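Take a look at the structures below.
What follows is a pair of complexes built around chain A, which joins chain B in one and chain C in the other.
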Partner chain A sequence: MNALLETLQFVYAPQVVNGLSLGVAVILMALGLTIIFGLLDVINMAHGEFYALGAYLGMSLLGIGVGFWTALVLVPLIMLPIGYLTERALIQRVFHHKDRHILTLLLTFGMAIVLEDLFKLAFGPNPLRPDTPIAGATELFGMIFPTYRLFLMGVGVVIVAAVWWVVYRTRLGAMVRAAAYDRHMTASLGVPVLRVYAGTFAFGVALAGLAGVLLAPVYSVFPTMGKDFILMAFSVVIVGGLGSIKGAIIAGLLLTQVQALSSLYISPVWSDPLVFGIMVLVLMFRPQGLFGRLGHG
Partner chain B sequence: MADYIAVQAAPGPRSRLRPGLAAVFVALALAGGLAGWLTGNVFYLRLATEALIFGGLAMAVDLLLGIAGLLSLGQALFFGFGAYLAGLLLRDAGLSFWPTLALVALAGAVLGAVAGLIAIRARGVYFALITFGLAQIAAKAVYNVQALGASDGLMGVPVVAVGLGPWSVPASDPLGFFLVVLAIVMIMYGLLSYLLNTPFGRNMQALRANAQRLSFLGFDPWRYKLAAFVAAAVLAAVAGALYPVLRGFASPELLYFQTSGNAVITVVLGGVGTLIGSLYGSVILFGLKSVIGTYTEHHLIVIGLLFMIAVIFFPAGLVGALRRRK
Partner chain C sequence: MHTLTQRKLLGRLVAAALFAAGSQAALAQDAQPIRIGVVTPLSGTYAPIGAQVKMGLDLALAEINQGGGIMGRKVELLYEDEEANPQVAVQKAEKLFQQSKVDFLTGTVNSGATLAVGQVAERNDKLISTTVSFSDAITGDKCSPNVFRVNAKAGQQSVALAAWLAKEKPGSSLFLLGPDYEMGRSTVAAFKAAAQQRGVKPVGELFAPLDSKDYSSYFGQIRAAKPQVFYTSTAGNDTVRLFSQMAEYGMNKNVTMVGVSGAITAQNIKAIGKNAEGFVTGVGYSPEIDTPENKQFVEKFQKANKVLPDLYGADSYGVLYFYKAAVEKAQSTDTAKVRKAMEGLQWDTPQGRKTMRAADHQAIQDMYVVKIQDGEFSIVSKVDGKDAIDASVCKRW
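Right, the complex of A and B next:
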């Protein structure tokens, strides 16, 4: 009995907590992706690069002497107009084409390529790492965790709750959901649908940027940082259901736990193929994912 | 859910294939090959051969995207499969060139059928993501399997001779192998053009225009989708098989999203639905990379911007834009 408890405490619990902190990070990415898809039908292939952009903006702000906490607030605010303009200037151009699924996917893929190379040009290929804003470790249930990771989890929960509240409990969120459900009807009721689109894209991108700053002290900052992460976020969004907020949260927790716990039994290098395997299985048998999309039930 | 992928109105009953442009391509390639041989420029001949090989991969993507209306983000799966299988057959089984190519084509068809059964269950954007996921699994697996050289790749593929009746061309001969690859790629193009003009192929093209109407007419779209998927898998696998013959190795990068994504860029730049545009696109892309590469290592910014411009202003691509002017 004691041995079992100790296994739980020292083998499983740390993995669960590590999985949770990764899970929070992935959910922040997945939320932006899923909201953008749910409303605009756009698979944002550049989402990982917007995450990296947030991290690099954060690094630049730190570089000119801004404090970490100020940067954490400033970066999403800077990302909002960037996202808004990106949507208005680029995505809107191909949005009304019948091929929009494919064309917007290709366009954001092009953006991803350009942005990644721009990061290399501007900041060099080597990883940068800001100082951890909350140093030290905390003991919790007899286990030691880096305090920043615990903080990260707390912030993640707050952000997810805030997004949930905005989408489901505010007038703005109601407009977004209405536009996702039937944009023509929504437009005839006087909602500026195109601006709602751009605003939603900006909101998703700002979330990615916020995640970039939050995670910079943990995973460090490098030009391809978005790429490794976006695969996981894509899997989460697909398993949860493209366009579903609830799905992104539940699948995010589920998949990161699968990844964390499976690495106790199989070599960690195989946990990625495992997660993608789950994604492919879901696409095969339940392509709409576990939950319905935004504005639909 | 509405299936938005059912694409804009097809350009009339006329096919978008342009045999004239294919003839021009062969003439240009022969002239370029000859010029390279006369000036003794081995580097550019090898690079041109590589451009043709990746052009073959892009043609496979175009067969799916431009003909069947399916965006594949994982065609590198079959390309890398062909490269690794050919490498193993040439190195460890000691097979010669043509049997290797035949076996790779056959195995590519089997893999294509298996992956196709999985992938074409999904429609539209979900198809794109499922191909992406499948290729990602394969890439991670190959990257971690020691027997396949893991992250180093499959090294030491021997230089083989390509038997052509009474003659034999060593793969190390820059001009000779360039011509062999050109011939193989153009034969694949010719076979595809022929296939697309048969009633079966016309139904395949109808997938892109309106898959639903195809089933109203009593044809099962599923069969045509699977056929297109298998054909594209064979095409990509054969193109992949040529890679280790040219370079002497196969690396996990061949399976990465980078490779699949590049093929999509090539198709969009060259012209969606034209098949031959993929070859033009590939040559132009390789040319751009090596020209810009002499000035800066950040050629991806330029290529990415060109790609975005192409997506926004010429969704039909280079060959498509030429066609419109006529």
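Right, the complex of A and C next:
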């Protein structure tokens, strides 16, 4: 009995907590992706590169002497206009075409390739890593965790709650949901739909940038960092249901726990194929995902 | 008459002296210098290793030439940059053998380059010797009659470390983690076997891709296995992340950390900082070795180069004395005669007397177990040469 408790405490519990910290990070990425899809019907293939852009902006700010906490606030604010302009200048150009899905997919995919090469040119191929802003470890029920990862979980939960509140409890959120449900009706009611589109895109991108800064001390900053993360975020969005916020949160927690607990028994390298396998199964048997899309609930 | 004789005598003496001097000059002109080709990376990723190779060789060259050369013949070194690229190494070696007519070749760093240049040497019927390459295959299943290795191979390092572990922590449990490619898998397999033979119990092993950013997902299995000893064969920045993250999760508490000698080097020890403390590894050389020969060598090396010698510098210094001893024993530079002289040859190096094993052309030497204390490696144990090597597996002669 004692041995079982000990195993639970020292083997399973740390794994669950570690999975949670990864889960929160993945959810931050998946949220932006799913909101942009839910509203604009655009699959943003460059989402990972916006995450990297946020991280590199953070590194540049740190480089000129700005503190980590200031950078954490500044980066999403800088990302907002970048995202807004990207939507107005690039995505709107192909948005009204009848091949919208393919064209926006190709456009964002191209942006991803260009951005990745720009990072390589500007910052070099080697990984950069900021100092951990909160050093040290914290003991929780006899388990030891890096304090920064615990902080990451706390901040992540707050951000996810804030996004939820904005989308479901504010007038702005109501406009976004309405535009997602029926944009013509919403437009005829006087909502500036095109600006809502650009604003939502900017919001999703800013969220990715914020995740980039938050995760930089854990995962380092390097040109291909977006690719590493985007696959997991896509799996979460697909399993949760394209466009569903609730789905992204629940699938994000579920899949990262599958990863964390399975890597106790198989090599962690194999936990990725396991997650993608679940995604394929969901696509086969429940292609709409676990939950419906934004505005359709 | 009297004066005449004296003058005559003086004249004869002068003539004799002149003749003697002249004949000596003629003799020296007759004896061509012994030419040794050095194919080593002077640029690229491995340039720091190539630099140590050159420093060691140049120091030994100056000493040998000052002492009259080899069999009265001066020695000449001909350097070529191999750029740590086996293809380039092959071209440069071919050039040295064919055009520069070198008698002997050394300097290759990358194990792939050593194997490839070994084949070039076989075709040209010349001998080469590596002073750096670790891969067991060079004097193992891919051994060559024309290739010798004067430095310790990977197997000797892991045997030395395993022997130390078995003595310090008998019967302890061991977890192994390596980078997921040929080098990582072979080092983990070799150390696991060596430790198991000596009563250490392996309780798990994992392989992480090169350049992994987050090792925390690997910690679950390590926690579950509760090892007393943790072995790693990661290198460079991978070790930096692995050790920092293990410390963040308190995974290195009450665990003895050991690994390959390349896991922590002068290049990354600062980045790992205090988390490197207590790390133990097996090496063939350390400037700390406390013998008069080594102290003298370190002093001369430092005076000439302003840096401490590492194992590459020391082994490259030693290879010229290996060649000198072999040629003097053979009284020839003929390949077949020198090869025969090299087999079983004993010669002195800064790290002590080495023996060239005839069965596989692998040098047998004392090995050292070193531990990081206060940010520096210090020797904690010495393993006798014959205890730090397994039987030859070479079957070509």
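In this section, the second predicted complex is superposed on the first by the 297 of 297 C-alpha atoms of A that agree within 3 Å, B and C clash if a C-alpha of one lies under 4 Å from a C-alpha of the other, contacts with A are read in each partner's own complex, and residues count from 1 in each chain.
Operating definition for what follows: contacts are C-beta pairs under 8 Å (C-beta built on N, C-alpha and C of every residue); 3 or more make two chains touch, one makes a residue touch a chain.
Since we're looking at a predicted model, the values are computed, not measured.
Taken together in the superposed arrangement on chain A, chain B and chain C fit without clashing.
When the two structures are aligned on the shared chain, A:2 is found in touch with neither chain B nor chain C.
Of the two partner chains placed around the shared chain by superposition, chain B and chain C are both touched by A:269. Within the superposed three-chain model, A:287 lies in touch with chain B and out of touch with chain C [touch as defined at top]. Look at A:117: by the touch rule set out above, it reaches chain B but stays clear of chain C.
Contacts of A:219 after superposition on the shared chain: chain C is touched, whereas chain B is not.
After overlaying the two complexes on the shared chain, residue contacts for A:15 are found with chain C alone; chain B is out of touch. Figure note: vertex chain A, arms to chain B and chain C, all at CA centres after fitting on chain A; angle 70 degrees, rounded to a multiple of 10. Between chain B and chain C, it is B that contacts the larger number of residues in chain A.
When the two structures are aligned on the shared chain, A:99 is found in touch with chain B, with no touch to chain C. Superposition on the common chain A brings chain B within a closest Cα-Cα distance of 7 Å of chain C. In the three-chain superposition model, chain A touches both chain B and chain C at residues 267, 269.
Every residue of chain C that touches chain A in the complex is listed here, in rising order: 180, 206-209, 211, 213-214, 216-221, 223-224, 237, 241, 245, 247-250.
Every residue of chain A that touches chain B in the complex is listed here, in rising order: 41, 43, 90, 93-94, 97-103, 105-107, 109-114, 116-118, 120-121, 231, 234-235, 238, 242, 267, 269-270, 272-273, 276-277, 279-280, 283-284, 287-288.
Listing the residues of chain A that touch chain C in their complex gives 7, 10-11, 14-15, 18, 22, 127, 137, 144-146, 218-220, 228, 259-260, 263-265, 267-269, 271. Taken together, the chain B residues at the contact with chain A in this complex read 1, 4-8, 65, 71, 118, 121-126, 128-130, 132-134, 136-137, 140-141, 143-144, 261, 264-265, 268, 298, 300-301, 303-305, 307-308, 311-312, 315.
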